[in-house]
Amino acid sequence: MKLIIAVIKPFKLEEVREALTGIGVQGLMVSEVKGYGRQSGHTEIYRGAEYVVNFVPKIKIEMVVADDRVDQVIETISTTARTGKIGDGKIFVAGVEQAVRVRTDERDEDAL
Amino acid sequence: MKLIIAVIKPFKLEEVREALTGIGVQGLMVSEVKGYGRQSGHTEIYRGAEYVVNFVPKIKIEMVVADDRVDQVIETISTTARTGKIGDGKIFVAGVEQAVRVRTDERDEDAL
Amino acid sequence: MKLIIAVIKPFKLEEVREALTGIGVQGLMVSEVKGYGRQSGHTEIYRGAEYVVNFVPKIKIEMVVADDRVDQVIETISTTARTGKIGDGKIFVAGVEQAVRVRTDERDEDAL
Amino acid sequence: MKRLTIFVAGGLVLAATPALAQEAADPNVEVAYILNTLLFLIGGFLVMWMAAGFAMLEAGLVRSKNVAMQLTKNVALFSLAAIMFYAIGYNIMYPSDGEWLVQDYIGSPFPKSIDDVGSADVSGGYSAGSDFFFQLMFCATTASIVSGTLAERIKLWPFLIFVAILTGIIYPIEASWEWGTGWLDDMGFSDFAGSTLVHAAGGWAALAGAIVLGARKGKYDEKGGVNPMPGSNLALATLGTFILWLGWFGFNGGSQLAMGTANDVADVSRIFVNTNVAAASGAIAALILTQLLYGKVDLTMVLNGALAGLVSITAEPLAPTQLLAIIIGSIGGVIVVFTVPLLDKMKIDDVVGAIPVHLFAGIWGTLAVAISAPEVLVAQIVGILAIGAFVFISSLIVWFILANSVGIRATEEEEQVGMDSAELGLEAYPEFGKGSQFV
Amino acid sequence: MKRLTIFVAGGLVLAATPALAQEAADPNVEVAYILNTLLFLIGGFLVMWMAAGFAMLEAGLVRSKNVAMQLTKNVALFSLAAIMFYAIGYNIMYPSDGEWLVQDYIGSPFPKSIDDVGSADVSGGYSAGSDFFFQLMFCATTASIVSGTLAERIKLWPFLIFVAILTGIIYPIEASWEWGTGWLDDMGFSDFAGSTLVHAAGGWAALAGAIVLGARKGKYDEKGGVNPMPGSNLALATLGTFILWLGWFGFNGGSQLAMGTANDVADVSRIFVNTNVAAASGAIAALILTQLLYGKVDLTMVLNGALAGLVSITAEPLAPTQLLAIIIGSIGGVIVVFTVPLLDKMKIDDVVGAIPVHLFAGIWGTLAVAISAPEVLVAQIVGILAIGAFVFISSLIVWFILANSVGIRATEEEEQVGMDSAELGLEAYPEFGKGSQFV
Amino acid sequence: MKRLTIFVAGGLVLAATPALAQEAADPNVEVAYILNTLLFLIGGFLVMWMAAGFAMLEAGLVRSKNVAMQLTKNVALFSLAAIMFYAIGYNIMYPSDGEWLVQDYIGSPFPKSIDDVGSADVSGGYSAGSDFFFQLMFCATTASIVSGTLAERIKLWPFLIFVAILTGIIYPIEASWEWGTGWLDDMGFSDFAGSTLVHAAGGWAALAGAIVLGARKGKYDEKGGVNPMPGSNLALATLGTFILWLGWFGFNGGSQLAMGTANDVADVSRIFVNTNVAAASGAIAALILTQLLYGKVDLTMVLNGALAGLVSITAEPLAPTQLLAIIIGSIGGVIVVFTVPLLDKMKIDDVVGAIPVHLFAGIWGTLAVAISAPEVLVAQIVGILAIGAFVFISSLIVWFILANSVGIRATEEEEQVGMDSAELGLEAYPEFGKGSQFV
């Protein structure tokens, strides 16, 4: 199993979620993050003072999927989340050794 | 060392935390997430319009523990967090290669 | 590539971010977490009732870096975030198998 | 029109008293003058307070990424109304004889001066300044109604241009037909405090804007589904409703226009009582109805219900008994609960429900006058249609011109990130959650 | 009772003036009528504003998952009070001679009509409508007190049923004993603006409810520990307190019931001054005391302290010198700081501190009347006990019946997810943090 | 001074009427007494409401980790002012003949008693209690101005000690020079409602505090950069502004000090109109100017602009025509937009912009009196300088003593975690985001 972490632009969440449900992803977690990256660094003015905005609001999606789903999931997310403009985000994949469904105590792939 | 990620129902947090302290877990991180899963999909009405609620508020607990603690921690979380109702959540385990305690620069197991 | 997860004191964020930018880290994600650890457990009084504060506000920084950057990044974070007082936080390192830049579909190290 | 005749009458009577007023004046005429003026001043500051009510209501019902913009619009529109109504609106609305450009239809625009310092004309019955102050607040209210409907997608400056035209020209013209003793007044149309002149008028202007502007992106999907975009702060929305409720005592009570006799003040009392109970029954009606229809109470509908009750009683808050006021108010609440989803079906995106509350309940309230005075029914219908047609069409034209010149709609991306970051470069709640941006 | 005698006296004097009032009326009688009525109207809208104050205070002191419900309850209870007090309450409270069901104990219920349009009875001294409006607001206040204590766990509809009974029957009966010139008034009991009739009464009803309802889940643990559940928005709570402070000038000042003579208006001024300084000293007392006791100031206690100061001075805001008002108010503040934790020890879960503020400080204020008028001490004690017993027991019975029929308590799970999602299906702050749900 | 002479004049006239007042009194004298008193009462409660306005404005403009503290300071300072002004301030400010310690410069401190119950002295022209109530609110306003500037870093208790001295001694002394018929009044200085006596004075005290206290950590960096620390809740800030706007009608209108004649009430009306339009034009000026300067509107500047408009018209809200009021108000708005960044350049950290709004616009408004009355120009300058020097220097001394004794500044760590957790041990918004702590 793999943990897929995707950082995307907030307004893309709904589309991405639908796309993922479309390919049968059954569960995921969403959280708000402040992103720092190439997109950062534009300036704003507040009460006459200029300042640099380093952090951009982003959405982080985390989901654990079976190994054989990984490529499809990556593909789905990156095509749906892409606008071509800087700040579209990233997708990371890490290994997961165990999974448990609390309700039933099912393990690993059955737990996803 | 392993990183244990648990998604549970919010009102279970206090119980789970106590149980974990009970078995000697010394530290963890808690954050709010919006969960999508089997539990999702009930409808609400707002100003006369029906809509589907896809995201359910959940709590994510992350903690790094020594390898030999993993099973006990999983056991503890899943029994305490279980209500038997859909949406109880998941527990995931991933490998951790290094750990550092910032204050003392202690490493790995000593840092937990 | 490695995923570096650092939990630090909130007011240290700006310093740490600058230090990381200084050594060429190009991107990261920041989120608010509630931390439980040795620092926890002081008591407060609200409307005459004493209670224990278990969770302390912390900042979680997550970034994926190339393997050869890991030590430098750890070094940088831990020196910058250190106050020597309890609650300074932790740094964890986990393996990352893939990375994708959504905008360009670049992969792995090029995506960071 | 009832209000004015009181006046004129009063004026005639007082005309008897010597010109260089108060020194020589019959003490009671002077006391009446003071008390009438005081009613305008108290009524005026209560209605001014309604501007804060609209600001809070709207700020509470938009998503947090648009809150700062909504607040900006509300402060700006109230300020703009003050200046436009002074510069041209007041005189267009209250032309003295010979000041009509088109007799009984369009007054001539220029600033009207109020009493000089220390030289009250007691024979006027009240101070001109206090009347200006009171009337200005009604003009501003009309504009406040528009901002809520068009929230979350209209650009700031085009909106303010419309506000300037609405408060400087459109409102004063239609209001002059009745309160300026124009043709509708001659005809017997009756609108005590403005269910049609203020509320329906604001609603018509909002409706025209909503049509030209279009719905918020994502609000309605192809398959006819409606995606609610819940308000970010219902505590503010409730505060706004209570503020409006309070201000309405000035709105309706002050419209008695006199407090210098026992009868007048007793009537004002009666108006306070009816206004309050109409609001209460509008809220209760929505409370019960949402429970029955949806199986649970919808607070936002209850708030709209209270306001609809207030709008409904505004055309005639004096004549009804409390029981009738309860009936009129409840029907207002019912109207809201049924017409809010109706607008959604028609894909007309009214962010805060201003059209059901001010336009639909306003029409109902204007018709309800005929319950107490059947003879006015025809005049009421004529008034509703005439003012509706004039305000809707003229607003439509202005919106259309703006849309095709400067453009009135924010870009899709601006809408996505929110008007606050896009147009103001700041956030109303920079430290709180950003839920609006995803769920 | 002082207030009424003023009246009756007034009435008698005025009785001299011919029946078909104002035309013929002695100008000063008419001016007095207008000014007396105006006092009721201004006092009335200020007290109406207190409904918003309670709503904000309570919304600020509950956790965010229960905010929308608390707002709903406050809008609904105020609306319900308006209707119940009209339908039966007002006449139960102010029976004319021969309208008592049980002489001096229970008035007969039916809607009382107010002056017809344009026919003020100057000999009444003030307009009936303005009196109704003013008195209604006191009735609604009594209900507002209850909602705060029972927050976060009581179901909406059973709560509203209780409110209907409280505002329609319980309050009017006990209030009639004093302000309706019933037996307590005959006995010499003195409660100028309602420390006992309104505030303690509301507190007793709340206490009965809290006992039947029980504490919020997790508030008290086995080992006697208390788990604070901090309010979600102290800015709102502070706003609510300021609103109540402002409204109280109408509450106490309006209770002078007359402004038609220099003496009356001077007394109203004195009342304003004492009311303000009592609130101030209640706040300062809590400020200092929490610093001393806990080593830090507790804002929520300071807010409660200001309100306790107001409640304490309400039974006699006129007679005291400013210095005495300061003492009375400070003691109110002290009472709050000590009794809030006390209630927790007794496991009585009062979410906003309404019982210490309204009941305990209300009793203190009622006794404090005897400082200015020792002769009333016995009557004060009798009044406190009689009204306390009646309101507490009758409320207890109603709560008990409701608990054992429809049920008044939300399920454990509803309480966990919060009343907003559970009963209303919406959230007050959908985009902000969800802290309440875990820490 | 205009205000007082009205009085004295009035006093003399009335002196004719027999001592044991109202019974025998000429009915119109009594009615005038009632109406004058009523103006103070209405004006007074409207100005009291401004305390809530400052609390909301400041709570909205500080970061969420300091909100509870800001609220605490606002409730406490208003309460403290009530007690200090009663105890010593009022008599220092309004010494009767022979009550001056230093003739025309310093009055003697002791509590002044108001009318006894039911014994109005009609010959006074208004009730002493209502005057006390009204004047107290001005004193409290002066203190409210200071809290905003020093937010987010000053310790609670030292701040309150300063407030006690400011409201008990500093303000009453400087105010007595003009309103207590002291030397500035003799000299012809004119400040109708307190652009200098209240607003600039508060601004000077704030400026002194800001200098001694220093800027918030991180606000200004070595390389002269300014790090904005955006307010946490602009909805509250806007609400606060609307509250202040409303309260200002009482502030300026009530300062007419009389409503017992047609001329007085007509003047009050004129004041309402000018006050409103000055606020409106201040807001519009800031709206347009921020758009031009920064390419986008800054809501916080628009709010400050409205307040600056109000402060600017406060020194002379009666004489100007509406057109002149618009000009005076707009210039106030312009001043704010330019001086807010200016203060930052000087590294003077004024969290809410109180110094530009109250001090700079206050000075402008005081000078602007000369537009209507050129002859006073010199006196205006003398008054501005004298009061500025006295308040600034005395405040500087008090701040300096406090800083070097108990200390006035929170530690760096306290500032980092926020004053709420550090000094109060609670949070204003425990469940919402914690953005303030990192971004």
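We call the chains A, B, C, D, E and F, going by the order they appear; numbering starts again at 1 in every chain.
The rule is simple: a residue touches a chain if its C-beta (ideal position, glycine included) is under 8 Å from a C-beta of that chain, and two chains touch if they have at least 3 such contacts.
What you are looking at is a predicted structure, and each value in this text was computed from that prediction instead of being measured.
Enquirer: Supply the minimal count of touching-chain steps required to go from chain D to chain F.
Expert: Each step joins two touching chains, and the minimum needed here is 1.
Enquirer: If you apply the touch rule, which chains end up adjacent to both chain C and chain E?
Expert: Touches both chain C and chain E: B, F.
Enquirer: Comparing the two chain pairs, does A-F have more C-beta contacts than A-D, or is it the other way round?
Expert: A-F
Enquirer: Counting in whole Å, what is the centre-to-centre distance of chain A and chain E, each centre being its mean C-alpha position?
Expert: Inter-chain centre distance comes to 52 Å.
Enquirer: Roughly how far is chain A from chain B, centre to centre by C-alpha average, rounded to an integer in Å?
Expert: Centre separation, chain A to chain B: 18 Å.
Enquirer: Using the average of all C-alpha atoms in each chain as its centre, how far is it in Å between chain D and chain E?
Expert: From the centre of chain D to the centre of chain E is 32 Å.
Enquirer: Could you give the separation in Å between the centres of chain C and chain F, each centre being the mean of its C-alpha atoms?
Expert: 46
Enquirer: By residue number and range, which residues of chain B touch two or more other chains?
Expert: Within chain B, the residues that touch at least two other chains are 30-32, 34, 45-46, 54-55, 94-95.
Enquirer: Quick check on chain F: which residues sit in contact with 2+ other chains?
Expert: Within chain F, residues 27, 31, 38, 42, 230, 233, 239, 294, 296, 298, 300, 425-426, 429, 432-435, 438-439 contact more than one other chain.
Enquirer: Let me make sure I understand the interfaces: which chain pairs count as touching?
Expert: Contact pairs between chains: A-B, A-C, A-D, A-F, B-C, B-D, B-E, C-E, C-F, D-E, D-F, E-F.
Enquirer: Report the residues of chain E in contact with chain F in the complex, numbered from low to high.
Expert: Checking each residue of chain E against chain F gives 27-28, 31, 35, 38, 42, 46, 63-64, 230-235, 238-239, 241-243, 245-246, 249, 253, 259-263, 265-270, 272-273, 276-277, 279-281, 283-284, 287, 291, 294, 296-300, 302-303, 306, 318-319, 321-323, 326, 429, 432-436, 439.
Enquirer: Could you pull out which chain A residues touch chain C in their complex?
Expert: Per the touch definition, chain A meets chain C at residues 2, 5-8, 31-38, 54-55, 58, 60, 70, 74, 77-78, 81-95.
Enquirer: Write out the stretch or stretches of chain A touching chain D in their complex.
Expert: Interface residues on chain A, with respect to chain D: 10-11, 13-14, 30, 32, 44-46, 57, 59.
Enquirer: Contact residues on chain A for chain F in the complex?
Expert: 34, 45-51, 54-55
Enquirer: Which chain E residues qualify as touching chain C in the complex?
Expert: 225-228, 230, 293-294, 296, 298, 300-301, 337, 340-341, 344, 353, 438-439
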